[in-house]
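As written, the chains take the letters A, B, C and D, and residue 1 is the first residue of each chain.
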Amino acid sequence: MYPILFLSFSGLITLFLGFFQEGKWVKPATILFLAIASISAFIDWNKPGAYFFNMLQVNNFNLLLSLVILITAILIVAISDNFKEIEYAHSAEYYAIMQFSLVGAIMMTNFQSLIMLFLGVEILSVSMYVLTGTDKRNLRGNEAAIKYFLLGAFATGILLFGIAMIYGGVGAFEIDAISGTLASNQAQSLFLYIGLVMLLIGLLFKLAAAPFHFWTPDVYEGAPTIFTLFMATIVKTAVVFALYRILHQSFQNMHLSWSYILAGCIALSLIIGNLSAVKQISFKRMLAFSSISHAGFLLLGLLHVSKTADKSLLFYSVSYLLASTSAFGVLLALKNERTENGRSNENISVFKGLATRSPFLSAVLIISMLSLAGIPLTGGFWSKFYVLTDAANDQFFYLIVLALLLTAVGVYYYFKPIITVFEKSDIQEAITINPIFKIIFVLTTLGTLVLGLFPDLLYGMI
Amino acid sequence: MLSQFGFILLFIVGAFLMLAGILGMARLLRPDKPNDQKLLSYESGENAEGGSLVSFNIRFYVIALIFVLFEVELVFLFPWSVVFGDKQLIEQTNGLWGWFSMAEMFVFIFILSLGLVYAWAQGHLDWLRPDQKVNPFKSEIPSDLYENINKKYS
Amino acid sequence: MSLILLIPLFPLIGFLINGLGFKNIPKSLVAPIGIGASLLSFVFAFIAYSEFKNTGEVIIVKAFDWITIGDLNIPFSFQIDQLSILMLFIVTGVGTLIHLYSAGYMSHDAGYGKFFAYLNLFLFSMLLLVMGSNYLIMFIGWEGVGLCSYLLIGFWNKNSDFGDAARKAFIMNRVGDLGFLIGIFLIITHFGSLEYTQVFEMAKQYPVGSGIITAITLFLFVGAMGKSAQIPLFTWLPDAMAGPTPVSALIHAATMVTSGIYMIVRSNVLYTLSPVTLNVVAWIGVATALVAATIALFQNDIKKVLAFSTVSQLGYMFIGLGMMAYTSGFFHVITHAFFKALLFLGAGSVIHAMSDEQDITKMGGLWSKIKITAVTFLIGTIAISGIPPFAGFFSKDEILAHTFAHNKAIWVLAMLGSFITAFYMFRLFFVTFTGKFRGTQEQEHHVHESPLSMTIPLMVLAGFSIVGGFIGMPEIFHQPHFLENFLAPIYEGSESVLPGFGNLGISHETEWSLMGLSVVLALVASVFAYVVFVKNATIPKDSSELSGVKKILADKYYIDDLYLKIFSNGTSKLSKGLYNSFETKFLSPLVNSTGTLINFAGKQLTRIQNGTTGYYLFAMGISIAFILVFFLGLDVLSFFKNILGGFSK
Amino acid sequence: MLQENTALIPDMIKQIPLVNYVLLASILFVIGIVGVLIRRNALIIFMSIELMLNAVNLLLVAFSAYNSDPNGQVFVFFIMAVAAAEVAVGLAIIVMIYRNIRSIDIGLLNKLRG
């Protein structure tokens, strides 16, 4: 709860910091603010309760989620430069908007009333629309922004309609009230049913799960890499846990109704995500499709209302956050390599000869790819393992089989960059990495390996 | 017996009939000799060119966006104004309630105004005019020659 | 957190410091760091011991939960009990001495820092192996020491032969490890846990000779074969002598090779439960002991001789284990650690003095030149030949007594083996140190005693080789068998499944006479060696000049060539054949077609991503409609019923 | 369905059953969706989305009136504010695009694909 308040004010402060000394303090200040916010989360530690007339609900798990989000944000801000490549950039605004969007993300993980859910989703999405379009002169950026905006707004409409219908069915917005109504065996009204389906669709869109995934590749490709990273990590995490609260903590009694929708989406996401990624040339686009398949895996973890679902989901999210942070980070570190007509080349081919030019970067990239592919000794392996063990059930057995098959396909395209790293390249001179990048990479890579070697450090802790 | 809503329906229908009647009458009375000059949209004598969107100056959008935002925020003032002067609450808290809600609203407005200040400082509000271009061309021929010629032939 | 966790931590830290920064750390600091690390863990081993004495029962320290899959939980935890305490002392103690020795021995080497880093890493893995509280951690250590021995054998990687030796060692160990791994899997599937305490507790319920236990123990023993160089996986150990001598002393004599014995003693319950396995162990042990001993008779490389003697000594340990005389086997591990480390270090010192000459035919008459080395080497020789009251006597004699009690045939062979052992050891000693110098000129005037850092370990180990045996006096001396009493708690499992499994049921008279016999044999052997190599001053010949049986022995029964023919060539042939038929005909087409299929599907799927927003919106709308229709179909009907109801109201 | 405790609901409202509001809102919503699906002009799509939002507002107000529970109306205020923010951002994006390509036909923006 306190991070929300703090971040909303620190965002305003950041805006005005932009006027001092052409905003050279903005980035450090942002990191500082985020750090303070993550510390302030501990004020509520072991003090579960409700805030704002039972709109937000605080307990240790939710705090953990906020913490994960904030720490990821710190990593991302740390590897962001002050947007020098963007003309007419107001970096202060971008950092401020990032902080505001974090407010939304935290709301989505801590909400108790659907009003808060809607506000969180909107705060997050609107900020992302803006951030996607930051590069005003870049046509691709514009296209990404308009696509993201139109589709996103449409999804918002659907989501709202769902919420309204649920309100009609229950007469309240609190998820406890919903579960209460469902528990007291009233006839499940049509309103509730339509509401659930539409709400689900709205959130699935934000999670980029097929068949509501169409925006994902284009937006991921068009947006500035740093914000692509933001979308891939923080937005996904927030949405998945919002879904967790909706499906597992309020609609668990309607499990039969939603599990089939989910199953369909999972199958589609896995197939489309993995197969489409195979032919991609652009690294960001490939990661976009892989993120669709990861969305499928996350939903797989939601498929059954089980005791360990939250653990597995958190584990999955953390390992995914770490891996994608290093993956996109490497791309950012190579931003000034092989620029073509002013814009940096974001194809997989940019990694050519990385092994000789910078063994460190190539190691980071390889480990992150292995983790995303789910090779043992990395966090990715255990995350997939836990999720699958949760979903293991005769009812959806075929999904497990499908997931395993498509993971094999995943290995195929995740190894493309790895192979490219070892190809000979015409350029030979070493790449200089700035120390902040080094620190972040060491952190994320070590994190991935530690999760892979000692999964219980995290899994047992939750 | 009609209900309130029935009356409203009647009003709507009536309005439409009225409009149709007036326009129809005008159609009957006025002379009707159209030519393309007449059919042009009146742009104070200028010929209209290009799509209708172009003629809008981009500056209008910025102002309009800012306006929309601040204007819509007002919506929060209405529920506030309902409870602000609530006798019962004021008595219960012997006056504290009024101050509290007042302060609350001022915080809200302060935050809004911060946004306005930011827009101002960024210079989104000042209306930039196109500056006059003076033609740097200088001709070698002294101007009095022209005047002589004018005199001569006037 | 307990101090026990620190014991393996120190070598790890030492490894990290020396290993990561071995370019930047000044040479003067490298040795102190390495030695300090092992010394600290030695000290903390004492602390752990005192802690253990106070409580008196097994201490299990859990670092953290490692893996939890369903109900199988494998913690990362250490177990301190009598067995691991003893191993701790051996590993850290001998390890420290050898670190110290290496500081002198390797001082001229380029890869000084690298060497100490490896040694520390080895120490770390070895400590994991002996301290782990479940089979998985033991396996990690098991792999770790294998890796270190690979790295250290190939330490001088300029020479390709050494590289081959390293690879040979690694591969043979891998074969063993495979068996070990299968054993572990069997344990998981059968007992649902890897924790020693739980597994043994459950194992007590089984009848003697149950099939599954036999399978498990056999597979585990395959692992032991690999690590402890038993037939058929023993040929790597002699070649492993390519590594620096301290390595041979530490890894290939004192500690790593005995881990197989440690493993069996640790899981003695399981072994007691399966007589079949015990027989296998005993027979393989005696076979190894004899074969290695006979080979050692005609080796002229000082380190090779010691290597083969190590193999045969390991054979004796396994004989002991096979007789369920776990204590005796372990007793021999301890004493052997002392005198074999001593012998190797002595040999190292000799090689050092002879400026890297290893062929004993080129030595001789070194007695006067390098006194300390010579004396300590003599002590070692006596100890290994089993002449009282030196260390080797007691342990070996105990094993022999147990063997006599259980299996006469093996006993006869073992006696023969010990006779041969005494003979070739004295041969080695006499040829090296007596007679006249046979080396080149500048070797001769270059001969010098080694620096103090090398001789101190020699002396210390010599001391232990003398008195080491007294921790296990046979009861006929009416002394308390310290070791037996100390280790007793380890065997309570075996005791419960097979009461009185360990005590040898022979009368004191027989025992006396056995003892006398073995002593006499040893003395005869030594005298014989004296007559041959000092009186007649025979100089051993090279294998090429030998003939008949001698040649066969000198050429190690041609086992290496046999392996080369069967396995190396066989595998290459097999793989070629498979490649030509299976791979090209069947496998690769299959794989390729799958690839093309996936590519095709990918291309088709990317086509639906056609980039027009309107199309995307439309697709979304369609899928929403689909979901609603498909999942709400029935309810929609009832919805219209409601509407009618609404109107009728 | 909803428990319509008639005591609290003004007669004025009672004259029209809830179902009619629901139907009206749903129809408006569907009109919005159709508008989104069939138009190419970004502005008009955008207006259709606003129509969807307002349909939802109507629905919420109706429900809250029939529940005699103010939460629904509070939510409506939130929706209005958020919608305004969305309008601002959306228009800004559309203007930005118009500046670059002199058109707001979304059919023209299909460089990102495949």
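Going forward, contacts are C-beta pairs under 8 Å (C-beta built on N, C-alpha and C of every residue); 3 or more make two chains touch, one makes a residue touch a chain.
Just so we're clear, the structure is a prediction, and the values are computed from it rather than from any experiment.
Tell me, which chains sit next to both chain A and chain D?
B, C
If you tally the C-beta contacts for A-C and for A-B, which one comes out higher?
A-C
Centre-to-centre on C-alpha atoms, which chain is most distant from chain A?
With centres defined by C-alpha atoms, farthest from chain A sits C.
Just how far, in Å, is the C-alpha centre of chain C from the one of chain B?
88
List the centre-to-centre spacing of chain A and chain C in whole Å, with centres computed as mean CA coordinates.
Taking the mean C-alpha position of each chain, the two centres sit 48 Å apart.
Distance between chain A and chain B based on Cα centroids, please, to the nearest Å.
41
Using mean CA coordinates as chain centres, what's the gap between chain C and chain D in Å?
74
Among all residues of chain C, which ones touch two or more of the remaining chains?
606, 609, 611, 613, 617, 642, in rising order.
Chain B: which residues touch two or more other chains?
As it turns out, chain B has no residue touching two or more other chains.
Among all residues of chain A, which ones touch two or more of the remaining chains?
Residues 146-147, 150, 154, 190, 217-218, 279 of chain A touch two or more partner chains.
Which pairs of chains touch each other?
Inter-chain contacts occur between A-B, A-C, A-D, B-D, C-D.
Would you mind writing out the residues of chain C in touch with chain A in their complex?
Chain C reaches chain A through residues 64-70, 76, 595, 598-599, 601-603, 605-606, 609, 611, 613, 615-617, 619-620, 623-624, 627-628, 631-632, 635-636, 638-639, 642.
For the complex, which residues does chain A have touching chain C?
Listed in rising order, the residues are 146-147, 150-151, 154-155, 158, 190, 193-194, 197-198, 201, 205, 211-212, 214-215, 217-218, 257, 260-261, 264, 271-272, 275-280, 385, 389, 409, 412, 454-457, 459-460.
Taking the touch rule as given, give the residues of chain A at its contact with chain D in the complex, in rising order.
Interface residues on the chain A side: 115, 118-119, 122, 126, 129-130, 133, 136-137, 139-140, 142-147, 149-150, 153-154, 156-157, 160-161, 163-165, 167-169, 171-173, 189-191, 217-218, 221-222, 279, 285.
Given the complex with chain C, which residues does chain D contribute to the contact?
1, 17-20, 23, 33, 36-37, 40, 45, 106-107, 109-114
Sort out for me which residues of chain B touch chain A in the complex.
111, 114, 118, 121-122
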